[in-house]
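Both complexes below contain chain A, partnered by chain B and then by chain C.
Let's turn to the complex of A and B:
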């Protein structure tokens, strides 16, 4: 065996057992336990309480820091000032190893969970999942305006595009798409489940980027932009479903035709 | 009988002394006075329970604790597998029916009965997935194709092969449901030890799983009664199908 291959196989032999040792407790299925404080998207229970996404201290500091965002942006300064406002030492920002990204994530989580609250308070328009999705996207974009973060959202997008934070940002985006489709009452359960979430996430990300450049009062241009893009997605999703239905129908037709000719199928 | 219950009965007798002559057993929970007394004695025995009653203003007897992340993940993957499995079962039976009924018309009733039950299970799990926000498996289109192929090819091989396929699939599925039921019963026992209630959702899920498991095992019996064991390469066929089922379960649990 050439020495390089030998070294490589030795490397594998030495690395493997260590990796196995870390998995001594059998959990089901064996997935890594998420390090983030927000619970993963999994089984949603109705008769059991859902723990809040952040512990009380973190919530207090981050909420206060959000108040500093319009003046100081999504920055370490805003975090430190937030800690002081909440009555903690500025060094408490050590609670957040991700720094300013934690502030971005906190805003996203807060706004996402706030959507359910708006549904409880204001209800949702009648007339199908489509209309409700449009309304929920409008409300979520409006939150950026009302929360005062829209002027600084460009900084947040720059942070989220950073390779270190991109996975967190994408996960949060997919949670938002899931939340919107769930609240809208979407019941698709095949590949359409994924297609719809991906398409909605894409539209929402585009709309938020548009919003950072929007100078219209109350960002009404962004709302129109999102509405139009969502219209495009609908026709795409419909085409997707139609093709699948056509294929199934044709296959059934051909099979039944052959059976009627006496072919043993 | 625990002393608290004896006390409750004694005190009721002092309230309604005419009941003393009746030899019929008196339902304990019939009177408000007594049922309240029972709650308070249970609360005295279990501090956690008492705290919960106090926290809920004495109205509801339970404040259940949240599901752990591990429990959520278990339910997530288990329900995803169940839905994929029922989808496959529906497709297997619907692909088997035409070739089987052509050669053995008397099996029409049985095939229809099994198909209808599987369609009911599929609908049940679809509703559960949407309600509890469990994502469907990524392999959905692949399982559709695989299940249809399996059903059709075993049916073309003959009645015995089709029944052997049913036997193999339902054996795996029955085992799978049994392991889920065991896990849920463990959780229920843990909660009971802590003095908490299992909650209506979990109880309903447990009942649904038991009902569906029993129906799947009934299909297994039908298959064996219809000469599943006579299938020609019986060992090979059932082992290949069971291996395939286990692989599909393993994959669907993850993606």
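Let's turn to the complex of A and C:
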């Protein structure tokens, strides 16, 4: 990989001009938004509501089951009680072949989509993609506290680490990283796209693991941890970039030196 | 030799069709003024590769299972190399029947399960054992319904060795899955049918009956042979089922025809997608991932459906017509983009 590309790809959250967060508002009374959300559109559009990730019955049962998580954890019991709360039978949990993992996935999805909601409601701080990413990670970690799942999140991590469910968990993590960078207004289309998402996902997973052991009020330690790790990634990216620049310079120097000695290159 | 054995059912099917087509247009003499139109051709269904009138299938299936009842277990072990036990165990474990008394609503009726076509009690014993062992639920009840008295007799004989019969938690009833008139509406939590539904004369009617007797939120669960996705494995499997199984039947149970029917009926059963579609059409909600789970690469398959709870809120919501996404304004000055 040429050094320049390397620098680009590793320069995580580099200080490129921040893309405008404000979504381009149509300069015409917006088209009527279709009320039916059943169409299985696989693409994202700004002026269309995203279809809900779960059908209504599943949403009702899982939402009720989440209310039981603080007492019963991410377990079949919570799911069965949730089904009953929603007017179904405990055996109706056969609707979820993944069992308690579906509950974990539902929480992750709900929180991820909720992130967009907070941006629309509270806005985001000005000043660069980096700052916004930090703020969004802080908000997402805070959701675990406010949703009441933080005391049980260790169980969820154990489930997500299970080989059967690891692919689902990784997919969800990458979607979260993507969502955060998207909401932060990152518009890169180069190879750094992957590096940024991978780095952010790594930091976020570490922060969540930290959170399971965090005893500070409101998990402020976790927030500090995440902030610092994101700072590390930035300086690491910068360091890699600097090293790349140095390598590029040195190689050019050597090549030019050789050329001056008459070597055909 | 093997090819002729595989080709034989095909030839038989062609024969059957030929016979049927000649019957559909009866010969008439010149003295008749009108063709004999009054006789409706009988409604037909499949019996293995044969096409038979609907009323005949039931009695022929009955004779098959009467003849295999006593050697049913041995034969299952030989035909599936013992794997049918793993399938049944998995089926019950995934279904997870039983209500833990600690979280049960006080005064609620015990878990009620209907096991259709489960004459020998294979599934029923497993269901009750799972409920007791995993959930500590010692009140769950299973009603075993089977159309065949010989299979039921076999089940009763085996149930005598378990505590369930004396506790009144197990019941054997002779019934047709399409007419379960002894079961009231919305009274059953779980409806199971393991390796039985392909023998039903009218699967849709049986599904409708399951929908009727299940409580809202109740589960329809079906374990059945299905289609193998991998073509290589499929070829091996076909060779085994058409070559070996009737032979084992002949040697062990002394009955080739019944086992020939078994493999033919497996072949005729709809694929995973089609059957899941039938369950959905029957008014059930399908679980995540299409509503089925392949076992052993699709040799067997678990299908599930959940009877939805009718929600008043959703019923009151008026059905909105699909609006056009963008209506072009008539005034060109208004065209936005």
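Rule of thumb we're sticking to: the second predicted complex is superposed on the first by the 191 of 265 C-alpha atoms of A that agree within 3 Å, B and C clash if a C-alpha of one lies under 4 Å from a C-alpha of the other, contacts with A are read in each partner's own complex, and residues count from 1 in each chain.
Basically, a residue touches a chain if its C-beta (ideal position, glycine included) is under 8 Å from a C-beta of that chain, and two chains touch if they have at least 3 such contacts.
Just so it is clear, the structure is predicted and the values come from calculations on it, not from any experiment.
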Taking the superposition on A as described, I'd like to know which of chain B and chain C A:182 touches: first, second, both or neither. first
Go through the superposed model and pick first if A:47 touches only chain B, second if only chain C, both, or neither. first
May I ask you to decide whether A:97 touches chain B, chain C, both, or neither, giving the answer as first, second, both or neither? second
I'd like to know which partner A:263 touches here: chain B for first, chain C for second, both or neither. neither
So, A:190: does it touch chain B (first), chain C (second), both, or neither? first
After superposition on the shared chain, which partner residues are touched by A:56: those of chain B (first), chain C (second), both, or neither? second
Intersection of chain A interface sets (partners chain B, chain C): 27-28, 31, 34
Chain A contacts chain C in the complex at 26-28, 31-32, 34-36, 55-58, 76-77, 80-81, 83-84, 87-98, 102
If you look only at chain B, which of its residues touch chain A in the complex? 63-67, 69-77, 79, 83, 98-99, 102, 126, 129-130, 132-136, 138, 140-141, 152, 156, 183, 199-202, 253-254
Taking the complex as given, what residues does chain C use to touch chain A? 94-97, 99-100, 103, 105, 111, 189-190, 215-219, 221, 285, 287-289, 293, 304, 306, 308-309, 311, 314, 320, 322-323, 325-327, 336-337
Show which residues of chain A lie in contact with chain B when the two form their complex. 27-29, 31, 33-34, 39-51, 178, 182, 187, 189-191, 193-194, 259, 264-265
